[in-house]
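You will see chain A twice below: alongside chain B first, and alongside chain C after that.
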Partner chain A sequence: MRFLLQRLGFFLLTLWAAITVNFLIPRLMPGDPAGAMMARFHGRLNPSAVQAMAIAFGVDTHTSLWTQYVEYLHNTVTGNFGTSLTYFPLSVSSQIAQAAPWTLGLIGVVTVLAFVGGTLIGTVSGWRRGGVVDSFLPPVFVVTSALPYFWVGMMLILFFSVWTNGALPNDGAYSLDAVPGLSFPFIADVLQHALLPALTILATSIGAWILTMRNNMVTVLAEDYVRMARAKGLSNRRIMYQYAARNAMLPNLAGFAMSLGFVVAGAILVEYVFNYPGLGYMLLNAVNNLDYPLMQALFLLITVAVLVAVLICDFLTAWLDPRARSAS
Partner chain B sequence: MRLIKTLAGAAAATLLVTACTAGGSGGSSSGGSSRALTIANVAGQTWTCSFNPFNPSVNSLSFGFAYEPLVYVNALKDNAETPMLAKSYEWNADKTVLTFTIRDGVKWSDGQPLTGDDVAFTFNLLKAKPALDIDALWSSALKSVTASGNTVTVTFKAPAATYFYYVADHTPIVPKHVWTTGDAAADPVKFQDSTPVGSGPFQVKQCSANNIVYAANPQYWQPGLPKVKTINYPAYTDNSPANLDLASGKAQYGAQFIPGIDKAYVSRDRANHHYWFPPTTNVALYFNLKHPVTSKLPVRQAFAYGIDRNQVSKIGESGYQPAANQSGVVTPTFAKWLDTELTKKYDYSLDKAKAAQALASAGYSPANPLKLDVITISGYTDWDASLAEIKQELEPLGIKLTVDDLAGETFNDRLQKGNFDLAYWSPIGGAGPYYEFRQNLHTANSAPIGEAAASNYERYSNPAVDKALDDFAGADEATQRKLLSSVQEAMLRDVPLIPTTESVQWYEYDTKSFTGWPTEQDPYALPAPWQFPDVEQVLLHLAPKP
Partner chain C sequence: MTATVLAGTTGSAEAPRRSPRLGGLLTAISSNRKAMVGAVLLLVFTVLALAPQLFTSYHDPDAHAYDVGLPPSSSHWLGTTAFGQDIYAQLIYGTRQSLVIAVVVGGLATVVSVLIGVSAAYLGGISDHVLSAVTDIFLVVPTFPLIIVIAAYAGKGNLLVMMGVLVLTGWSYGARQLRAQALSLRNRDFLQSARVRGERRSYIIVFEMLPTMSSLILANFLGSALYAVLTAAGLQFIGLGDNSAMSWGTMLHWAQNNGALQTGQPLWVVAPGLCVALLGASFALLNYAFDEISNPALRPVRRTRAQRSAV
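Right, the complex of A and B next:
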């Protein structure tokens, strides 16, 4: 119980600190949103529009920093994130609701796939060290993991999109002329567009899971209870999965919970290279346009997701591994 | 084993999905009709499906499609006028009162008649909500706007011939009966206007994040028009898909900068793929006139004599943007205003000897080089190339330039506050060199160093030039020419900034399925699809080929 309260208390403290930093940082950036819009529409916007926009965006006010901070805290707790300046006059929450499914869908699913696949491959590799699986898969995937994400992405675009004359799309979440809806053609279109980004993320992230799982397996296999299980006459498969893998997976599970938290950050590089309209792409646009409301909401979302993930990760570890429960 | 089987299964499933849809990728065209016009203009983000004509980020999507101006003014043909919602207008003697007579029989797309009341309402809406007044009409010129039946009287604070463009051509007329009810009345600034009710040739038929479909307005007041019945406006977030669509013919009306345009676009269909880049304003090197070194005239003259504008145009802009002249008048667009006598008198053609001489008189030479920073916006690769060329040309003379690529906001901030030695920029200009001169040179657009200037970033201040620009609004044409000549002389004599190339509008058009495009030989409108309200003229001239 004490452990629970301690963890919760720490969580709340970190959350408050993150929210405050989130408030301060956009205000330290040079320039203002109206000016950013002038830069964005250079050559098409009358300089006199700046004043009009400043009023529309509400950045014309001269309230004190402290008043703004209190208002910001209030808005954060009540979930009122205001109007986006990039997507003016739509509200921030509507825009986040629109982009979130793409990020959670693509990156969430791929993270799970990478974890599951990586753990499986790592288990088999660790069990039969030097075997067929171990000789090829870990080295290959470790190399691909070391490659820069955007390079792998662009290489895949080159091979599968440009050189095949557009067999696989290189851009967007769905075709420009697709009609969004829950119809089979649309879903197929979405899957087709998600293929290359998913492969890129998979290729660059699976290596880490494989390596850690394999190394954990190797350590666990030296334990006494594994020897005991062998002596008892249990089948290899049973020992590998029910005894060794379960124990080896513990550290990985904690890492998995953390990486789920980072999913929300949207892997900005993924979305930039493939123009995927998720939260990361939206964050990039928001920063470029000095869209304070949208930026703050997104940073908050990412921070909260990571903090919650860390919290869950702590609880999960405590629950699964009794050794971690003893509050020192 | 199990792992390999699972992996094989997954691979098979993905291939199946790909195969099922590979044939359909990009094959299905929306709207069904092969006569739908598709526009390729990179928006940089997905559509918000907001069409509020006073919102600067989306007004190019509705003004010209659903909304119309009073009179269309063609900047390319010496301000030739086409009456639109106003069938005629009249100035009073001293150009302070402008009276419009609104056309009869015009209906809004919901069937209600359009009257002078709607026009007066539109202008007074801008007065009530300054956030909507993106041309700053009320703060700079308007005194009152009233309507009586079909006559609308616009009164100005001072002689205002130069504001005709902004009042008659640049203001979309919106219906009073829609904007005084519901969301629009509650907050017109945040009003989304997702199904705009306008008098224009098109209505928004369907809008999703990735595409807008416009359909012809059956109530449109010009009989038989528009001939194009459907328009697709996809939301491109990046240049490459837009350029690919133009090259393949999937999009026919483009506003794209296409590198290597002959190979990437024209060669794909020599008979039908055309482009035309009309110049509209100058890209210039702005000096900081309050800086200890660049405030010296000989230093600036050294730049003017030492830069080979033709080379900058050829190498920096791949020849797409023509070389500019020191008078600051964009040619051939505004050639009639160029004072050729003055150009001959102050000959600023390339002369390395004169440049070296001017520099020497300020105390600099290759032995004692002048070191200066020039700031530019990062991401404008053609400007970077131009500056690299300029840097190379000036180095042997003894001027060492360092190019500073700054992110949009940082650049803007430093440009406006005068925190630079030199800056590379182009103003928005307008329907004549007067507007560009006013933006660049008038003291009213300046500000002390450290405060944000509106557009006169070099901080040039000359009372004679201010007076000439102020008098321009109320003068007759002959006097206007003399006034602009005096301003050109200030450009040539004082060299406050150096126009290097002329900024153009990117414009590609495909004649395979549509005719009636604006061309260099027939410049009936500024051609870019984002240029409002000119896009209306283009859409009205276009017709699908039989």
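Right, the complex of A and C next:
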């Protein structure tokens, strides 16, 4: 219980830090980028919206920094991120709500798949030391983990789309002429469009999980309690999953929480390469259009998503590891 | 080169007592195939970065000097871009920036991790709590969106800003590992005896602790360099690098902007991406090989049979 409270406290601390960094960045930058943006808005917005943006970006010099900070916190917590410049006059929140499901569906599902699949393959590979899987996979995955995500995506486009006369789509989340809805053809179309980006993320991220899991397994299998389990005559299956893998997974879980940021970075670029209409693609568009309100809301949202995932990892750790549950 | 330079500096710090270890490092590299491949790749890129003019007769790779979109030929080995630049020459001249970013960011990030990780472990108490919390925050906040936001505000194309941000976001993983190792060293006998001898704190940290941690520090350098290579390439690819400077990521940016894949110029994409991948792989291979060298249990083949028959 104490462990979970501690982790929850850390979650809140990090969240606060991210929100505060988001507040400080536009104020610390040289020049006056926010002022220039406000000028572009001039005359197109009602006064209260202008006031809200002035607070968000520190253009409003009439109020003290502290008042701005409090008001900014209030706006952030209530989900009031202002108006998007790119998609004027729509609000930032409504734009994000449109893009979020695509990212969650693609990146979320594939990341979990890669982690689960990689951990399973790593378990088997570490268990069968010197087997076929074990001897040729590690060097291969060392190399794949060093590949730039976006380039792998471009290579897949080259192989499966350009050189095969468009066998697989490489642009957007569904065909332009498709009718969105819960119909079979539309879902098939969406899955087809998701195939190449999903493959890109899977191919580049699964290697790291396999390697670390394998190495953890190798270390754990040398432990006394594994020998003890063998001496008791337990089945191999039981030793492998409940004794070795359960313990070997703990560092992997912590590693998952830590490298999530790296996966997110890759995912942003993959969305960009495939013009996939998710949050990452939207973030890069916002950067190109100097759409600061959208940009900062997206940064916050991505951060919150990662922090929640880390928190879930912590809960899983507590569930798997009695030591984490009982100790401080 | 980077690996040997770094090993050289740590080696000189411990020179009076443990000079054979540098030789040991070289033997270890030459006896491990992964390390060997990584070291050779790194050496090749280093030579290319130092003397690009030796490898191509085109000395102004940025000039729009030739016909556009030429296929590979004897005068243009990899063809030309949609702007009429020689792709092979761009590739050769682009090596320098990528390698400089990797080495400088990798080195500075490692210095920061050592400073923060080791002082957290050595100071203990409240300073340790604060430093560890800061490390953990930097560890979990997704850095790439943060870099993008900062780069968007600070203006595109400033190499120093980019390297600074990469260092700022790249040190935390190493700091955590180094703190853990330093903690486990804290109560070892050789440090106790140094304390009893009345050595100063700074002396103990620099001359007693750091040399024993050199392999982990080296691993950290390689990891940070890999992070820098990939992240920098990604930033340049989306156009947040210096778009007029010669680098692999920028080549990819222009290739993507001109639809190189769709217009039948795949080499414009394949070649620079492959270079990024190979440079990254050289750091990753060296890193993995050092892991194997320092943790014998991970080594392949021979031990396996012994272990199996023992079981």
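Methods note: the second predicted complex is superposed on the first by the 235 of 328 C-alpha atoms of A that agree within 3 Å, B and C clash if a C-alpha of one lies under 4 Å from a C-alpha of the other, contacts with A are read in each partner's own complex, and residues count from 1 in each chain.
Throughout what follows, a contact is a pair of C-beta atoms (placed from the backbone, for glycine too) under 8 Å apart; a residue touches a chain by one contact, two chains touch by 3 or more.
In this text, all values refer to a predicted model and were calculated from it rather than measured experimentally.
Novice: After superposition on the shared chain, which partner residues are touched by A:65: those of chain B (first), chain C (second), both, or neither?
Specialist: In the superposed model, A:65 contacts neither chain B nor chain C.
Novice: Per the contact definition in the header, classify A:24: touching chain B only (first), chain C only (second), both, or neither.
Specialist: A:24: touches no partner chain.
Novice: Output check: A:148 vs chain B and chain C. Expected answer is one of first, second, both, neither. What do you get?
Specialist: After superposing on A, A:148 lies in contact with chain C but is clear of chain B.
Novice: Please indicate which partner A:168 is in contact with in the superposed arrangement: first for chain B, second for chain C, both, or neither.
Specialist: First partner only.
Novice: Touching A:290, do we find chain B (first), chain C (second), both, or neither?
Specialist: A:290 contacts both chain B and chain C.
Novice: Check whether A:124 is in contact with chain B, with chain C, with both or with neither, and answer first, second, both or neither.
Specialist: first
Novice: Quick check on the superposed pair: does A:176 touch chain B, chain C, both, or neither? Answer first, second, both or neither.
Specialist: So A:176 only meets chain B here.
Novice: In the overlaid three-chain picture, which partner chain does A:265 touch, first (chain B) or second (chain C), both, or neither?
Specialist: A:265: touches chain C, not chain B.
Novice: Across the two complexes, find the residues of chain A that touch chain B and also touch chain C.
Specialist: Common to the two interfaces on chain A: residues 29-31, 288, 290.
Novice: Taking the complex as given, what residues does chain A use to touch chain B?
Specialist: Chain A residues touching chain B: 29-31, 35-53, 55-56, 83, 86-90, 98, 120-121, 124, 133, 166-172, 174-180, 185, 188-189, 191-192, 195, 275, 277, 281, 285, 288, 290.
Novice: Show me the residue ranges of chain C that touch chain A in the complex, using the header's touch definition.
Specialist: It is residues 34, 133, 136-137, 139-146, 148-155, 173, 226-227, 230-231, 233-234, 237-240, 252, 256, 261-262, 266, 269-270, 273, 276-277, 280-281, 283-285, 288, 291, 295, 297-298, 300-301, 304-305, 307-308, 311 of chain C that touch chain A.
Novice: Considering the complex alone, what residue numbers of chain A touch chain C?
Specialist: Interface residues on chain A, with respect to chain C: 10, 13-14, 17-18, 21, 25-26, 29-31, 33, 129-130, 134-135, 138-139, 142-143, 145-151, 154-155, 157-158, 162, 211, 215, 218-219, 222, 230, 257-258, 260-262, 264-266, 268-269, 272-273, 283-284, 287-288, 290, 292, 295-296, 298-299, 302-303, 306-307, 310.
Novice: How about chain B: which of its residues touch chain A in the complex?
Specialist: 3, 14, 17-18, 20-22, 24-26, 28-30, 44-46, 48, 50, 52, 55-57, 60, 130-136, 139-140, 189-192, 208-211, 232, 234-238, 240-241, 281, 377, 408-413, 416, 426-428, 439, 445, 454-455, 503, 530-531
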